[in-house]
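By written order: A, B, C and D. Residues from 1 in each chain.
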Amino acid sequence: MAERVLNVGLVGGGAGAFIVHPHQKAIHFDGTRRVVCGALHPDPEVALEEARNWPVSIRGYKSYDAMIEEELKLPEGERMDYALVVTPNHVHFDPAKKALEKGIPVFCEKPLTVTLEEADELVRIVNERNIPFCTAHTYLGHWTSRLSRHIVRSGLLGKIRWVDAHYIQGWLAGRAEDQGVIQAEWRVDPTRAGISGCGGDIGTHSLMQLRYVTGLEVTRIQAFLETFVEGRRLDDHFTVYCELDNGGKAIIRSSQICIGHKNDLGIEVNGEKGTLIWSQEEPEKLVIHLTGQPDRVYWRGEVQADDGFLGDLPDSLMAEPTIPSGHGEAFHDAFARLHRCFEEDVRAYQKGTYQREDGSRYAMVEDGRIGIAFLKAAVESNNNDHGWITVK
Amino acid sequence: MAERVLNVGLVGGGAGAFIVHPHQKAIHFDGTRRVVCGALHPDPEVALEEARNWPVSIRGYKSYDAMIEEELKLPEGERMDYALVVTPNHVHFDPAKKALEKGIPVFCEKPLTVTLEEADELVRIVNERNIPFCTAHTYLGHWTSRLSRHIVRSGLLGKIRWVDAHYIQGWLAGRAEDQGVIQAEWRVDPTRAGISGCGGDIGTHSLMQLRYVTGLEVTRIQAFLETFVEGRRLDDHFTVYCELDNGGKAIIRSSQICIGHKNDLGIEVNGEKGTLIWSQEEPEKLVIHLTGQPDRVYWRGEVQADDGFLGDLPDSLMAEPTIPSGHGEAFHDAFARLHRCFEEDVRAYQKGTYQREDGSRYAMVEDGRIGIAFLKAAVESNNNDHGWITVK
Amino acid sequence: MAERVLNVGLVGGGAGAFIVHPHQKAIHFDGTRRVVCGALHPDPEVALEEARNWPVSIRGYKSYDAMIEEELKLPEGERMDYALVVTPNHVHFDPAKKALEKGIPVFCEKPLTVTLEEADELVRIVNERNIPFCTAHTYLGHWTSRLSRHIVRSGLLGKIRWVDAHYIQGWLAGRAEDQGVIQAEWRVDPTRAGISGCGGDIGTHSLMQLRYVTGLEVTRIQAFLETFVEGRRLDDHFTVYCELDNGGKAIIRSSQICIGHKNDLGIEVNGEKGTLIWSQEEPEKLVIHLTGQPDRVYWRGEVQADDGFLGDLPDSLMAEPTIPSGHGEAFHDAFARLHRCFEEDVRAYQKGTYQREDGSRYAMVEDGRIGIAFLKAAVESNNNDHGWITVK
Amino acid sequence: MAERVLNVGLVGGGAGAFIVHPHQKAIHFDGTRRVVCGALHPDPEVALEEARNWPVSIRGYKSYDAMIEEELKLPEGERMDYALVVTPNHVHFDPAKKALEKGIPVFCEKPLTVTLEEADELVRIVNERNIPFCTAHTYLGHWTSRLSRHIVRSGLLGKIRWVDAHYIQGWLAGRAEDQGVIQAEWRVDPTRAGISGCGGDIGTHSLMQLRYVTGLEVTRIQAFLETFVEGRRLDDHFTVYCELDNGGKAIIRSSQICIGHKNDLGIEVNGEKGTLIWSQEEPEKLVIHLTGQPDRVYWRGEVQADDGFLGDLPDSLMAEPTIPSGHGEAFHDAFARLHRCFEEDVRAYQKGTYQREDGSRYAMVEDGRIGIAFLKAAVESNNNDHGWITVK
């Protein structure tokens, strides 16, 4: 059953980058994927230098254009099997589009693009070519996110009335962008980050968690974008009141100025018959409250379908490789799960058996597009005295 | 230094009542106050019957009018020293007004009244007569509420940018009002509860906690009132986005349909230099996050002023009678602290030395009035497509 | 059905005392009991002075001998109905014995006595006279202690294999006894505290919690008593490995030198089918782990018998007066519950209907005696190179 | 700076194995190490079959003897650079010895060996040859284990009085060994596991955590080994009272029959000036209690040396690759950190610059040996009516 190791090419990820590091670990995690090449920086010479500095030997390219062109000349097994796009937001669209057009599957950071038009274009190409594309919403990779999805969609909680999805951070409470923090610099720069700072960076994660777990869509919103740090050019605090397509309501609360919060992404789903609570900083567990029952705290690795409450658990969920509970999974494990699922699709794609599905294992290009549409509506509502705007 | 025991007269609190029970314990808690009489029910005969059923012998009256009149004929030391009003909302105003007009201090449940006009009238009388009046915002009685107030007002967190005050419950997720739950019945009935259900019952607590701790006032709001339970006549879910008078913003989130939440009142205050987090369900502690410091978890009974952070702690705070940490204080302790402080003011009032102060120990009549103004603005905003309304 | 207020007389509890304060609150808590007299200090003049300084007017006596004699001359309804003994350990026996011999019920602090002979004598008198006697093991008064007892004894956890009962504090990590802390002074003085410091003060609570919850008796022990603080004359750290009478084993871990621990009393019971965990610093909940089930977290006030696991809950448990969950009960509530149950027995005693029972509501004189026997065996084992000693 | 990828050969780890999986992920984690070959099973044919079933292509061998012999014939860069021994306990010694004698560094599971003589022999060889050897005490790999070590050794807590190191599990509460659970089968079989079950499997982890963090050695012990599950041939519950070489005392508590506990390894260190608490199930944080200070909760990724308490933090600690706090590290990250540090030493060894050091980054062969000596003393004490035995 041994297969060859799958090859990944990087777009972005040079020195000072952050998100490339967990991706790198997630790629190598299982021993069945590896990084083989990269266009690591917009400056061609820096790009080559960074490639030479990579911990192990990889093929460096001056640009992603060059990488796409040259890699395709290599024999299968040697050349890049999929591209990972980890550039600032404004450089997602172009490399993703070019790789897709050459038939190369793409794993792309979020928010998907800077404009809705670009997002629409990516959706079009992906659908036309039936090619694997992952929008990197990491937190879907937690096993408990998958269990949450199953529980809410199983109807155990009854009709969903209210959802609170939040992602609260504190790292931008001061002017980090003026203190040489590269990660801060581009995130607060409209030319690189797009129309929303906090909303784009983490509000989209809250939205995705809400949609992934509940299967509900946000139809109309009133949005409140604040910029608490003086002189900052984008929002650093982002609150949205939402109507859902089942008649329920939701709130999305995101902030980057709440000192003490780290990556406090969480979701609470309140249904007519019960509540589910999940937090990414304690991703090993989820809590269910059912009328007449005590709190039920489920731990990854300990969940049993025959507990009298959960009903049948999907085979796909139970078959996910995990470690015994009490030996925690965390961020890298979640990241690795996404790449592991994506690997499966890339292998199917190469064998000609790939069929796009419903986004139950990772976020699809359409999910990325909805994030962009949501941001657009949020900014419009905010600029319109916080009135109602339809998300479309 | 032994003083005579102070006498309390009850308005409301007959069989099926809830809030009278913690009040009763809070009154007796220290051995320096006791219940001596009551007009326990609107029906005169039931009122007398209920008084006869009281665990120990008290004077029963057919009505609060009768009680006020008759008690004043008794000698000092025997007669009621202050009145406790624990009726449904629509019966706060009249007994409170009548007692005050006879010079009897009043400890009154919240929300203060049903209309703003009534609230204005009580404010007027209390000021005119310089008489003790407490609006029963219990949670101010937690020692850690008082410490929170000191910390935020000391400037340790810098300028306040954002406040999240919430009070989430789940007990009205079903139609409790149709199942013989007296506490539910009147709370969802506009004729008894007033213009807002969830907002009036617990939203006002969130607001009070915000105002008490930060010293900031809410100036303008957009409000979202939901009624999730079909057929219910008042809101059971209440979200308000707020502008504060220092330029900061806040959210007040209240709900009674979130299964699993009990009395989940909490506040988080985010300043330019740090964050404070407090929750009434774990009232023994509060957490401070300061840039460059680990989380600092303070426990009631263990706090020391010379820790290099807190600065001087007010004598009044440190002198509050408490028990050593690890032996928890809870709801009854908080309730008792309010009555203890009120007792002090009543004794001063009887000696002619009472001066109204700033509400640092319990909520004043003005605080109650602001709660009513807030509810009025919230309903107006909600009815006006959630547009901005000024709180006044 | 109003009854007269029951009268309590204090032995001990003058200035600097600690435990009298929660007792005082617990006595007054319900409005059906009150303090009416006291012999508050061994020095007759101080005793009278302290009584004059009591917050409200009480009858002061120069000695407990005088108090017992004089009170009995007063008419029923005016005289003391029961005595509360809150002196240092070496002054428990004499006043308790004298009160009992005059037919006055006694509520006595723990450890019961200084010697086993004294304890035997009290047991003898109490049984002979069939008179109410409570050993003040406060923590039994938590509603969740009672629920724990029911769950373990119901067999839900199967046969009990292992019990970990601990009580960890940190307040004696330094030489508090040299810094004017009265509470420390007598606790580390063998002439006043008895043969064990930490073991007597808090080890006995661990033992009592174990026995109360499980119904098992400790038969044989190996004990390790440490004195970590130089110059201290009694143990400040106390570990005991136990054999139980059902063939199971247990550990009792107590310490007063673990900085950061406050009153960290807890118990974990491991049976063949499940585990129960309870902690007095979070007394509102208990956790049950059953094979194949998620953690089940029960909250006081939310427990329902028909949850498919608990089976029938005793009426006596469900009838205990409590407040809704989320409005916490804590130390004073637990203390009050003991006095409330004791009040019931005192009233029955006065009516001639009292029958001593099984200690399901508070610790009996026999429970106090077992604590003393346990301490004696622990010291003997420790002095005997930690070899096995039978508790008898 | 790019280096070639380092090659790892596996001894053990075929189907049904557990610990090989986290090792595999830890090996590949950084992209600088990989599995290239394996002798995966004692049965030669199964061994080859298992190798063919490995997710990617590796060289399969019939035995570790064959693997060691054949690999050495391959050119550097292709051949195995270090061996990972993940067999049951009784098959640690032979392959480790043989690899070491051929100059191949060894990463070996714990407990190190079955007898003390074997452990002594490995210590001798490793010292003689100055060759990298890691005993796989995973939990040292948590960043917070390293911070704990720094804090305790810095003297911040003062002289250490008492240490509580525990590792509690519940997975052997029933007869898992009779239900086809391979992991249970060999662990309770004296011929494969050695003289202690619970003590060997997890008691040694508690001991190692104690020694790693405090730098103290256990000198004398009284041990209590229990077998709660009927018919089991080794202990499933293991409690040891310890004397430490600084005059302090400690307890090591391990169990495998406490239902609900997963991998509950934790340590509490009580010094004269403060306390440190750490738990591997929440490895992102540690808590310090200092007299006069609130609880201080430190989070990996947020720790700053200039907080006024920690003093200088070692460069090596601060330079450890981690991800920002709030994006959790967990079991695989800890495992990977050990392999990453070991890789560094293997590379130095290959360059001839390796010097054995003090075990600050992973457990040395000597640490493994002390674990075996401890087990031997524990069994001896237990068999000797729990009397004192010196660990040597």
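The working rule: a residue touches a chain if its C-beta (ideal position, glycine included) is under 8 Å from a C-beta of that chain, and two chains touch if they have at least 3 such contacts.
Just so it is clear, the structure is predicted and the values come from calculations on it, not from any experiment.
Engineer: Count the C-beta contact pairs for C-D and for B-C, then tell me which is higher.
Structural biologist: The greater number of contacts lies at B-C.
Engineer: Any idea how many Å lie between the Cα centroids of chain A and chain C?
Structural biologist: Distance between chain centres: 55 Å.
Engineer: State, to the nearest whole Å, the distance from the C-alpha centre of chain B to the C-alpha centre of chain C.
Structural biologist: Here chain B and chain C have centroids separated by 34 Å.
Engineer: I'd like to verify one number: the distance from the centre of chain C to the centre of chain D, where each centre is the average of its C-alpha atoms, in whole angstrom.
Structural biologist: Whole-Å distance between the two chain centres: 44.
Engineer: List, in ascending order, every residue of chain B touching at least 2 other chains.
Structural biologist: Those would be 261, 295, 299, 302.
Engineer: Which word fits the touch map of the chains here: line, ring, star, complete or other?
Structural biologist: Graph shape, chains as nodes and touching pairs as edges: complete.
Engineer: Which positions of chain C touch chain D when the two form their complex?
Structural biologist: Contacts found on chain C: 161-162, 164, 170, 173-174, 222, 224, 226, 228, 237, 239, 241, 249, 251, 253, 255, 257-261, 268, 270-275, 277, 287, 289-291, 295, 385-388.
Engineer: Can you list the residues on chain B that touch chain D in the complex?
Structural biologist: Against chain D, the touching part of chain B is residues 288, 292-299, 302-304, 306-308.
Engineer: What residues on chain B touch chain C, complex-wise?
Structural biologist: 1-5, 18, 21-22, 24-25, 27-32, 34-35, 52-58, 169, 171, 261-264, 281, 283, 299, 301-302, 321, 323-333, 336
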